[in-house]
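Could you have a look at this structure, given as structure tokens, before my questions?
We call the chains A, B, C and D, going by the order they appear; numbering starts again at 1 in every chain.
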Amino acid sequence: MIVVMNGSANQGDVEKIIDELKSMGLDINISRGEKRTVLGIIGDTSILESFPFYAYSGVEKVLRVLKPYKLASREFKDKRTTIRLKGINIGGRELAIIAGPCAIENEEQIFTIAEELSKLGIKILRGGAFKPRTSPYSFQGLGKEGLKLMSQAAREFGLLVITEVMSVNQVDLISEYADILQVGTRNMQNFMLLKELGRIKKPVMLKRGMSATFEELLLSAEHILSNGNKEVILCERGIRTFETYTRNTLDLSAVPSLKELSHLPVIVDPSHGTGRWKLVGPMAKSAIVAGADGLIIEVHPNPRASLSDGAQTLNFKKFNHLLKEISAIAHVIGREMNITSHVK
Amino acid sequence: MIVVMNGSANQGDVEKIIDELKSMGLDINISRGEKRTVLGIIGDTSILESFPFYAYSGVEKVLRVLKPYKLASREFKDKRTTIRLKGINIGGRELAIIAGPCAIENEEQIFTIAEELSKLGIKILRGGAFKPRTSPYSFQGLGKEGLKLMSQAAREFGLLVITEVMSVNQVDLISEYADILQVGTRNMQNFMLLKELGRIKKPVMLKRGMSATFEELLLSAEHILSNGNKEVILCERGIRTFETYTRNTLDLSAVPSLKELSHLPVIVDPSHGTGRWKLVGPMAKSAIVAGADGLIIEVHPNPRASLSDGAQTLNFKKFNHLLKEISAIAHVIGREMNITSHVK
Amino acid sequence: MIVVMNGSANQGDVEKIIDELKSMGLDINISRGEKRTVLGIIGDTSILESFPFYAYSGVEKVLRVLKPYKLASREFKDKRTTIRLKGINIGGRELAIIAGPCAIENEEQIFTIAEELSKLGIKILRGGAFKPRTSPYSFQGLGKEGLKLMSQAAREFGLLVITEVMSVNQVDLISEYADILQVGTRNMQNFMLLKELGRIKKPVMLKRGMSATFEELLLSAEHILSNGNKEVILCERGIRTFETYTRNTLDLSAVPSLKELSHLPVIVDPSHGTGRWKLVGPMAKSAIVAGADGLIIEVHPNPRASLSDGAQTLNFKKFNHLLKEISAIAHVIGREMNITSHVK
Amino acid sequence: MIVVMNGSANQGDVEKIIDELKSMGLDINISRGEKRTVLGIIGDTSILESFPFYAYSGVEKVLRVLKPYKLASREFKDKRTTIRLKGINIGGRELAIIAGPCAIENEEQIFTIAEELSKLGIKILRGGAFKPRTSPYSFQGLGKEGLKLMSQAAREFGLLVITEVMSVNQVDLISEYADILQVGTRNMQNFMLLKELGRIKKPVMLKRGMSATFEELLLSAEHILSNGNKEVILCERGIRTFETYTRNTLDLSAVPSLKELSHLPVIVDPSHGTGRWKLVGPMAKSAIVAGADGLIIEVHPNPRASLSDGAQTLNFKKFNHLLKEISAIAHVIGREMNITSHVK
């Protein structure tokens, strides 16, 4: 950690802060330039996490040298994390394609979808039972009933289940039905939930908050990792910007960046990331080329009749076509898609 | 609700969507311009909340006519909401000044602060017992022990207590100790928590999410209101922008805007809104002139020794000075500050 | 154009605005809902461009039905624009790869680069002679001398030249040396410059402003098109967001979006879009898969010694490797790269 | 300047960069921590403005110690700059209230406005002759004719004139008619224009770019200052965020921040800053309390009939009322308004 004293800081100011830091067991390297004195703090600076530097007079800037997350970093673990789950690998050569409806609507819908997806070679079924909705007047999901239907459909067609957990008191219930628990963008900094998810034995897919930096996303992952759960999947799903044509701005540079900073697998959600079905295909393919370990895509037999997010949802035909395109691209860049044989 | 068909939509496209909407009991006003056909939907459009317009071919744009929130709106209730609480009014002529430390650290700290604040005429004590921290390695708060200490200190010096609730399963515990429950910026769209808070009998102060629009803030308030709790206080605390000099960008235009759109009281947090104590004073005064019904300010006997957010915290002397300035300004704009008599 | 009257607008308010619009020769379709009256304006609404709707009492919202740009739109011209330039096509099946240094530094540098690029099969050389620099103390470019050197080097090795024009009074000078004139992100709304560029006979590459929406970019293109120059190339180069790890946030969804909205070719700049050379490759390849018609990439024989933007610059070896990867991908998605034969 | 080497940088990496820096005449302070080596560069680091640190292997982060602007900084000149202009002071105790129409429309309009404003005690008339308009189809201003009319009206009623300059080749023309030249938000980084304005003898009001940080605004001021013109007025006019209810997000924390960082006067534009006339009053008053040295406000005899920006324009009655309110507030905070005597 580096402390830059401002131009009018006097000797007393510098000494006061040095004394304080030394009393905490730290060493200080002092560098006096013509216009600024700069203090380099040496030792275990993690104890300075909450140190109120700016409350000291003469302090102009505090610059962090080390990354604030540890377990999520490539420095802690350079080898990429691969999550193995009933024959599926997330984070290896193989691409993980997760598909399904935004919300589970009824038995027929989810069974139809599960069947069609399994025919296409899809291995992981998504679907919301509890839906975080901006308006209290929108469809809020089927709740526990939805979980049951989804889990039955998945079992019937040999699929794994991923679904969203919105609250600490849902963790047990959802763990019972889901193979992977998803934390939505609005809960990326719901720290009580993250801690709780650190204590379970199932993988967690953590979506980037709508206005979260890469560092904040990795710090949220760190909340889960540091509580004991090593199976975290990161998910880029678009950030909030001034642009209104797209629902969010899908930040594909997050993919190579996160893979540079962390060993965790990275999945991309082009459906929420764009909010427009015409953009889902191009962004899905781009994401793979950018290095994504997989995709999560909204698919529905009849997007017009879907109870939520129809605007960004693909029907089976479009999805099937997209899978073929992804497959051709995956081949060129040295990734595998274990579903190619199924796609005609 | 208005649906704009695109330039290449044909008669069949227009009819298909009209038929569907009519089958839902809605009336349609058709306006055919030279380049576009525009459909005005008449009737109870709230049933269209999740209608997938964009999944219909030929639809270019859907424009909402009515605001998506109701109970929070001035149209629903034009008279301003005043929250009355043991002799305090929030939302009336009187300004509500809430003060206290970022986090409760120990008995001595919170009792000292409570005593000093009560001497200055402050009526509401803030302080975090459960702290939402970006890093799992930062001080996370004293938890239940902190709640107890804060509540004892408040009782001793005749103060009300406001503190943050971070999770559904904390609602009961915190309701026991707090007079007002605070929802932090990271939980503004923690809908499970909002619903739960809709069922309690205590006021809730809802902070604007870091990247939430006014409309989304009001929709989150609607989650609480529509579950039965009418006592919601809105709080502007800065939004996330590209500027890095300030911790957040305090959006003071939120104050007159929210008061135009809603009847709910609006409080401003200049401490988190700026992240720099030198800016707290100017922004606090500005907020009052912009029409804020009160302020929430971080105060600590020794900001340098505070365990969190010292950079944005005022000491008693600076806070006392600020109160005098606010008091002088309040007088000019026709607001009252029931603490003026105490300020020397 | 649609005008939504607010809930408390009375009959007089509605009539006043209708009378005014009718007096301008427009027809009005009135749709009275339970809570709102909505006016659909029919006729040539372009005359309402500056109409102060919100100054009328009772007006709640004005919603635009037609896109505000015309010549740039797919509705005006559905067939994609291809710019043909001395054997190069920009906007066709063929990908246009533009490469070169951030700034022209001296004769040796630019001749070396031109020679190497021509060996790799590159056809268009980029390089700044006049540099827009945030700080007045940074290297500002060689100016006219740089233009001459670049133009000589390009001629020697059979390359076309693209370089930035920063001001109205540079248009003639730069037109003399460049084949394509580039408008930088900071000048996207320098309307005097755009107008001037509308009068020349050379293609213009218009970079998206750092905080410009797709619509604003297309309106800036419209300034050029409506002044007579039909050869505009759009360029996505990253937008400003809260993320600080990357220099900008490259918005690849701009590619399919702009190609949906407009017939103009779209180029991507992954160098400025990310600011980090490690991200240039992944984003370059992603951009092509997203549908970009080409790329503009910073290349320098020795990025460490470059006088500007070395951090985001590739050396020849890395660039050559990237070209091979792009070539393989282009093949799969049905695009051509006329340089493949040169790449070993 | 500080260079943080990454965890895997080896001795050779460190030496290579040290050698290079030493060869440029700089001293290096080396601080070796457990996980990182940190280099403090001592000497005239301004020569490193374009140094490609990130092109060196092993470099993780470069942290700037000194502010990149000089002449604009408080360190260079602590005493506040006051611009004296025919009896008006901008930047002193006195508040500068600038008012007038968005655009000059015709003789009658501008003479009426000039007369009314002079009666209210206003000393500086704003008005656009050349208008930067997003759409080429909007009213572009009267041009030179507008300048003449405005200048005649101002002379007739003893007012100073401020108007926008959009291009290098307009500087002479506009200098002839205007007392203060305004640079709009879209030209804040039109560096050719800034340089040219550095060579004139008239004050320049520089508006903050829509997505410019405080530092970038001050660097743009530095472009003017370093070319010889010391009379620069900064103007906060709102930044672009995700919020759509307001036209821009007026960042009032810019006022105390810029006054902390710089000695230059700071003016606020609540008209463009909000885009809604109902918000102009509250934000104007707030700005003054935040420490602004003045305001620039759009006023028109009949906002409904104005040819641009009517939505955010006050009529004389509302403006007069606002002046009274500002006057009362100014008094309390120790600022003067030399127009109070005129306001009834």
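As a convention for this text, a contact is a pair of C-beta atoms (placed from the backbone, for glycine too) under 8 Å apart; a residue touches a chain by one contact, two chains touch by 3 or more.
Computed from a predicted structure; not experimentally measured.
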Check: Quick one: which chains contact chain C and chain D both?
Finding: A, B
Checklist line | Degree value of the rotation bringing chain B onto chain D, based on Cα positions, nearest 5 | finding: 180
Next item on the list: With centres defined as the mean of C-alpha atoms, identify the chain lying farthest from chain C.
Entry: B
Next item on the list: Round to the nearest whole Å and give the separation of the Cα centres of chain A and chain C.
Entry: 31
Next item on the list: Using mean C-alpha positions as chain centres, tell me how far chain A is from chain D in Å, no decimals.
Entry: 39
Notebook entry, point to check: Cα centroid separation between chain A and chain B, in whole Å?
Noted result: 27
Next item on the list: For chain D, write out the residues touching at least two other chains, lowest number first.
Entry: 211, 240-242, 244
Note to self: Show me the residue ranges of chain C that touch chain D in the complex, using the header's touch definition.
What the structure shows: 46, 49-56, 68-69, 130, 132-139, 166-170, 186-187, 189-193, 195, 210-211, 216, 219-220, 222-223, 226-227, 240, 276-277, 303-313
Margin query: Quick check on the complex: what are the chain B residues that touch chain C?
Written below: 2, 4, 7, 29, 31-36, 38, 40, 42-43, 61, 63, 65-66, 75, 240-242, 244
Margin query: If we count contacts the way the header does, which residues on chain C are in touch with chain A in the complex?
Written below: 211, 213-215, 239, 241-246, 249-253, 255-257, 260-261, 273-274, 278-279, 282-283, 285-291, 325, 328-329, 331-333
